[in-house]
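Dumping the structure here so I can ask a few things about it.
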Amino acid sequence: MVGGTEFISINPNVNREVFKLGGKSLLECYQCGSCTAVCPLSEELDVSFRRAIRYTQLGVEEKILGDISPWSCNLHGDCTDSCPRGASPSEILAAIRRYQSIKYDWTGITKWWNGSSFASKLVGYLVIFGLSLLLYFGFFWQSILAYASTGKLVVLSELLIPVAVVFVISLAILASNGYRAYKFMIKDKKKEVGLVKSLKHIASFFIKVESDAMKVGHKRERILEHTLILIGLGLFILLGILYVLVPKFFEFKVISRLLIYVASITLVIGVGSPLMKRITAGEKTHWYYKKFTHPTDWMSLITLLPPAIMLLLVFVFYDLSMLSHAYIAFALFLSFMIPFILLEFAFGKHTHWLYKVIAYYVGARTGYFRGD
Amino acid sequence: MTEEPRIGVYVCHCGFNIAGTVDVKKVAEFAKTLPNVVVAKDYVFMCSEPGQDLIKADIKAHNLNRVVVSACSPSLHEITFRTAVSEAGLNKYLLEMANIREHCSWVHHDKEKATEKAKEIVRMAVAKARHLEPLQELEVKAETSALVLGGGVAGMRAALELANYGFNVYLVEKAPTIGGKAALIGYVDPKTKGAEIVSKMFDRVKDCPRIQVLTNAELIQLSGFAGNYIAKVRLNPRYVNEKCTLCGECEEVCPIEVSNEYNFGLNKRKAIFLPFSNAYPPYYAIDYRVCVKCGECEKVCRFGAISLKEEPKVVDLKVGSIIIATGYDPYRPFKGEYGYGLHQNIMTLFQLERLLDPDSPTKGELIVGNKIPKSIAFIQCVGSRNTTPGAKEYCSRMCCTTAINSAVKIKEKYPDMNVYILYKDIMTYGSDETLYEEAGKKLVQFIKFEEKIPKVSITPEGLFIDVFEYTIQENLRIPVDAIVLSIGMLPPRDIEELIAVTRVSCGGEGFVREAHLKLAPVEAPTKGIFLAGCITGPKNILESIRMGSAAAAKAMSLLSKGKLTIEPMIAQVNEEKCSGCAICVGVCPYSAISIKKVNGDRIAYVEKALCMGCGTCNAACPSGAMQHLGFKDIQLLAQTRAVFGGEMNV
Amino acid sequence: MSETKGEFEPKIVVYACNWCTYAATDLAGTSRMSYPPNVRIIRVMCSGRIDPQFVLQAFADGADGVIVAGCHPPADCHYIEGNYKAYRRFELFRKLLETMGIEQERFRLEWISAAEASRWVQVVNEMVTQVKKLGPLKPNLEVRE
Amino acid sequence: MSSVLIVGGGVAGIQAALDLAEQGIDVYIVDKAPSVGGKMAYLDKTFPTLDCASCILAPKMAALLRYPNIKLIMNSEVQDVSGRAGNFKVKILKKPTYVDWSKCNGCGVCTEKCPTKVPNEYNMGLSQRRAIYIMFPQAVPKRAIIDAEHCMRLNPPPKAKEKAKGPLCGVCERNCPTKAIRYDQQPEILELNVSAVIVATGMELYDPRNLPELGYGKYQNVYTNLEFERLVSATGPTNGEIVRKSDGKHPKKIAWIQCVGSRDIRFNHYCSAYCCMAATKQAILAKEHLPEVQCTVYYMDIRAFGKGFNEFLERAKKEFGINYIRGKVVRIDEIPETKNLKIVYEDTAESYMKADEYDMVVLSVAITPNSKLPLPVELTKDGFIQLKDPYLDPVSTTVEGIFVVGAVAGAKDIPDSVTEASAAAARAALIAKRFSCPTPEVVK
Amino acid sequence: MSEKPKVAWYWCASCGGCEESFVDLAERLLKVFEAVDIVFCPVAMDFKREDVEKLPDGSITVALINGGIRLKEHEEMVKLLRKKSKIVIAYGACSAWGGIPGLANLYNLDEALERKYLEVPTIENPKEVLPTKKIIVNIPEAKMKAELELPEPLPVLLPLDKVIDVDYYIPGCPPTPDVFWNALQALLSGNLPPKGAIVGASNRSLCDECSLNETKPEKVLVKEFKRPDKAKPEPNKCLLAQGFLCMGPVTRGGCTALCIKGNMPCTGCFGLLDGIVDYGGKAISYFGSILDYSPVEDKEIKKAFDSIPDWVGTIYKYSLASAKLSHKAGAKKPKRIKEVVEI
């Protein structure tokens, strides 16, 4: 608050942590506010990305954690294009998000997942993946073989248990972290706007911002990629739920296959495309794929690609009547799903959907959206 | 007037420029009717060769002793026609221009009215011409030598420049060593050490026989004028001579200890001391202000380099010009200003600079309170930009760059240290901006404040800075281990004495005022006195050095011919009439007038070399004794009266 | 007297400093600006040279208005602060004019820089209009029967 | 007698020339413009004293003419410099002016009679001049020059050329009272031997069209600061009346946008050093011309570093009520109906994006050095001329005997340029006069 | 020895102080009487106008005239004396420059009369009687009417040289005996100075002979102006440098700085110096010069100037009637003076 005599203590280490989390240009920012001013979101939303950066530069921790602006960022990158210091604010904001996620997560896993090196992440991932493999190719191997011999696609209840357990635990952790995030964000703010109005704000905001962004080539490309992932993941979850709850659905071959193929192919393309661009990044590649190369970015893609491929393979094999192959693929799919859910879905970059939703909700309810 | 004026009037057509609107024939006819006009002619281009020849021929043929050229503005062709009349043997100041082009034909359209006006303009010019007098340019001999006050970088630079040019230079320095403040700055830019620059300059000064370095010396009196100053310089005793081998034994036995101003009070020194390791002249010096003359040092010195019997001496130096380069004083924070003086970890930027210097008491390590701090904060604008009650209004120009430079240096050396810079506006102007950029890359943290200035709290838990961060509008509490006050610059403490001796004047901010802020930045209003370095206001080292060269250029321009030409259109005193009331002395902006005794009478005396010819003394002179040659009362009154056809008679 | 020919044409004497105002009058010429021909310019080196005596002489001889003009304070003056002196002298001088019953509009102290040719033209125009409105001064100085 | 070449006749070049000439050294000033004066000649007032620029510059320009040992080589460019300190060989391309300057007396009749009107560069295109013209009223030397590109005679429109039998137009030739017009003048190459060279080519303004988001060139009421300077100047296109290009009305709100092209790694890294104070000055001038006008300066750091600058800034705030808002403007949008401008920025004190409406916007554009010269000197990565060792060998370039002063060696304001000019004069004089003193500087 | 030079002495608008100064010659008077014959001196002897008229033209060697020309009578008499005299000397400040009575020129005659006869606090004039040209006085006791004719006042007071040609001036209010004596010596010596000269006084300003001149600081600059009735001057310090409006610098010397010896600033009775065309204009110039403020400090400047209520009375105390602007603009012939009044 302005004018008060209360002084906020700072945490001098924040800037170093955020630096390590990918905000390499954090202190190059000289606070001109170009990023805020140039951002298409600013038309609709009273946020200051610059201020978020300043909070972080100085380590005003409580303000950082409650700041919704990093979550409102859609990484369109106009700020990075217009930053007079070449400081890449979107990258800094992504790093701040990593920092925020770490602080929102009470388990400390996010801290490791976001903060560790690429190699240790990979090792961690592989260890869990290995355990999953052990589980499915060891413990469940007999039952898999048994199911395979039936030649049918049936509800594989006990095979699904580990994944379901992991999924439920992850959801629980996510919910508790989401609640923590909500508490941080709502602090010192007042709910001024009604729920319905808020939702309207958010909806119109998304439509406006995204449709504006679609007009720009490089943004369109990224939005499409993101949308593919979003659709793929959505279908994935839908299919998973259907699989558990309405297994009959899979008897309608055409529709279920269509959905499955769409889900997995969109995912493969949505994940594969940015991944390929990152790997083959050259002169002409948009900077987005070069700058955002924090290990968490890689991992968010890397962890998602194999289950998507495996799912595709399951049904390809199945429809080709290569049942044993299909079941192996299925086992692999589940083995890939466990580390994905446990690490990426619960603690990784993928958590941003949750915090984003909370941030928009808080923003909308507390009057951050402009106009009526 | 000894001879009756014989005036020739020449009216120019300037093609159609004048003749298009003014009936020049009529003007010439009219001119013939004016008193003392002997001949009046018109011609198409008076400024052309034939036009000038016409005038020259008439001067001879009609024995003219005044010429009025009625043409364009004097700013355009006065010099042309003056040259022409002087070629015809007439004193060039017996020419008067009547401006009937810019003031008449070009601004009016009614031919009749314009012609009438042109006639009156000519009548005014003729009226003035009747009272014109021949004037002579004067030449005085000038010394090709200079006195440079202040042995800092600006002074040394000026001295080197002038000595190389062939001037004899006296480099007068108050302290026992030259080098100034720059010698004490650890790093003046990320790559350059202050001490290095200074010692390289010492080498050049040493090799230049035309520079005489006078340390421990002060200018106590200045008389004379440009080209011919006599400077009285007092040489205070050093008590140590050139036999000194810097063995340092004397220092050990000296019983007197005082705060060491060369380390900005970071440590102590003895009464006999060497200011810094590469000081020049490279001998010990005894601080005559504190020495009790116990004689211990004299006894211990094996080389006979010390003699406590030395007495102050006063020498008279004849010099042609004075270059003032006495620099600045660092701002002196009062006790408690941002906690200054209340905690050992709160220091000034200058002290920090000393710490970062490899030649410092800590050998270049940033050790405060016996350990290397984990975090350090610079507070900018201490003493500048109206921050605190004692602060000056001006910006001290160098502190932002110096602080950022030091911050970068610290970050290079101690990457884990948190370095904060609390600023109002970062003044890294010009290419220094890259340093600011660099600081960001080196993870220096910046905090902006505005009117509400930061507060330093000294608590048992340590030091804290409470600051209202402008760009996030929050009150923050920053824990720090050390605080650096980026202090600004003050005019040197002895500026009053300097003003009293050299008669330069001060601006509102307390620094010496230059002749013109924009276009004469290294010249004092008084001819022959030039300014270099921070004496005119805060500068950085590079700017001071350039000013040194620039001031030298001015002295070269003024004196290189070995003589000075004095414009004759200056003030002149009629000693018969002057009563010595001294009103003119106070109004002269150049201190060119003084009161002298002539046969027991007080008489105003104009130092011709200093007078610039503004005439304000003439206007102020109550008795009419002071007259502005070329613009005398009678000349201007005659011109005034001529507007209405009246005359002014002697 | 010029007023015999119908309209009264005032005469205005101008004392102009060499560096600013005289340069502005020159510039008005070179820029071919146009203004009424009622002014007579007397050049001095600095407005600090202008003696109130001159202005008094001009009024006594028949000037209907007088302009004293120099460089803008604080720093335009070629001679550091001649304009300051002019300012003080003529501020005091105004008191004399007031007491002597001469309209303040007849006397102007103006700062006109070398670039302000248009300002010069404006000042002349204003002055001529004002003085025309006031009428001639000379008859006022004579004792009317 | 040895001589010194000064490249560039701006205030720095003039000062260096005067200092050298006073010592009796021959000086050549080469300038590509037809008059000396440089950028300062465009200014109305100078900060922080609000001195009238031409009042203080014109006497210096005129003083050049008083020295017979100063030669002004106008409308010319240096083509080549070879040799070494003490003996440089310089080739200068003297472009044709189509007027015999030894005959022309600057009367200006031709410039009134010429039928072709062309945008006047001196007024930044805000007014018109003729095809034969004198650069500005106080020009030194005051000589006419024909702009061959627009001259009917020298570059006749193709259609007219076909129709006409003989040469076209010729109005200036017929009207010239001194018969100075020379349509057949050819470029000349001058060769000079000089002891030292002083580079004082100064700066150009950065083209704000490189920042298309600011709409300069697209929106009529967006001005550069130099355009505004001409607009506010008594000698400018409107005689000092501030009016909008779009409708000729007085603006009620004017914004100054700082750091346009400066302090920005996309354009120029450096700070241009003059713009903060120039904007402050212009805001004050606007306030003096139109007391009702609201002036706002958008800045990031106000660099009030020079003598009297901070005092000036405080005066602007307190006495004139100029607003200062900290935030970088990223975009200007024109409101088509009113031609008003909406500027988009983040107010860094309030921390959200704002869009303010103004009648007129002035861009404080960066400077760029005029350093593309046929000289053997090195440049810094920002394009300024590299100094050799500014501490020990001030104003020297990497080539001995070639000195550099003013904005071409780094962004700076007038007093610093003038100081450097004098410094260079001192250093060039040492070479020109061949005074020797056994110091490493000269002898070694 | 030929006939002694004939001397006439006439007074116009004068206070009588000038005649006093003559008496103050003391024993030197005898030498005067030895040297000259006085043929006309209304203040001391009962000469009549007819006596002068009878004299042949040019027969008077020297006519000394003191006082300014206020009345038609003065005008007639001085014109007569001019005709009869070889040399006419304006004696004293009033005659030379109008003197203190000349300050009445700041008013139209009507205003001046009203001020003098009606408004001044020390006047009681319930019938509002003003001077008239002719007054018919009824004397009931004698049953007769007497007619009094008063000389008509001129619209403004004129110094002598605006009415007749003046050969020499002797300055002072009154001229000090020494000045008068010096003048006499000069004139009697036969070595006549050029016409129009001011005789008997110095050619330099008063500062030259002022003992406080030496006490001046190097620069005479002041921050405020003081009046001797409001502030007490420090002794032995130049009054001007203290801020008192001392007219010494602009005033002709010759009086030996009498006032200043009495710790009062010079008020300027010795008038202007050669080469000065307007006394007050010059005074303005130097008072303006010594005030040490810049135009930014406009308020201080105005304050300093406003602290002196009567500038014109200060700078033209003795010389208004001979100034370039010698009277208030728009002076008119009086209307309030009636032709005839019967009482």
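Brief remarks follow.
Letters A, B, C, D and E mark the chains in the order given here, with residues in each chain numbered from 1 onward.
Note that in this section contacts are C-beta pairs under 8 Å (C-beta built on N, C-alpha and C of every residue); 3 or more make two chains touch, one makes a residue touch a chain.
Remember, predicted model here, so these are calculated numbers, not experimental data.
Using the contact threshold fixed earlier, the set of chains in contact with both chain B and chain C is D, E.
Under the contact definition stated at the top, the chains bordering both chain A and chain D are B. Taking each chain's centre as the mean of its C-alpha atoms, the one that lies farthest from the centre of chain E is A.
With centres set at the average Cα position, the gap from chain B to chain D is 27 Å. With centres defined as mean CA coordinates, chain E is found 33 Å away from chain C.
Mean C-alpha position of chain A lies 106 Å from that of chain E.
Centre to centre, using the average C-alpha position, chain B and chain E are separated by 52 Å.
Multi-chain contact residues of chain E (touching two or more other chains): 276-277, 282, 285, 289.
Within chain A, the positions touching two or more other chains are listed as 30-31, 50-51, 85. The multi-chain contact residues of chain D, meaning those touching 2 or more other chains, are 49, 51, 56, 108, 263, 265, 348, 351. Contacting chain pairs in the structure are A-B, A-D, B-C, B-D, B-E, C-D, C-E.
Contact residues of chain D toward chain C in the complex are 44, 49-56, 58-59, 108, 112, 137-138, 233-235, 239-240. In the complex of the two chains, the chain E residues touching chain C come out as 106, 155-156, 276-278, 280-282, 284-285, 287-289, 291, 293-296, 301-302, 305, 311-312, 315, 323-325, 327-333. Chain B makes touch with chain C in their complex at residues 73-76, 99, 101-104, 106-110, 113-114, 116-117, 120-121, 124, 515-517, 525, 569, 587, 589-590, 612-616, 618-620, 628, 631, 633, 636-637, 639-641, 643-644, 646.
Considering their complex, residues 2, 4-10, 12, 15-16, 19, 25, 27-31, 50-51, 54-55, 57-58, 60, 63, 85, 87 of chain A touch chain B. Chain C makes touch with chain B in their complex at residues 11, 13, 18, 22-23, 25-26, 28-30, 32-37, 40-46, 48-51, 53-54, 57-58, 61-63, 75, 78-82, 85, 89.
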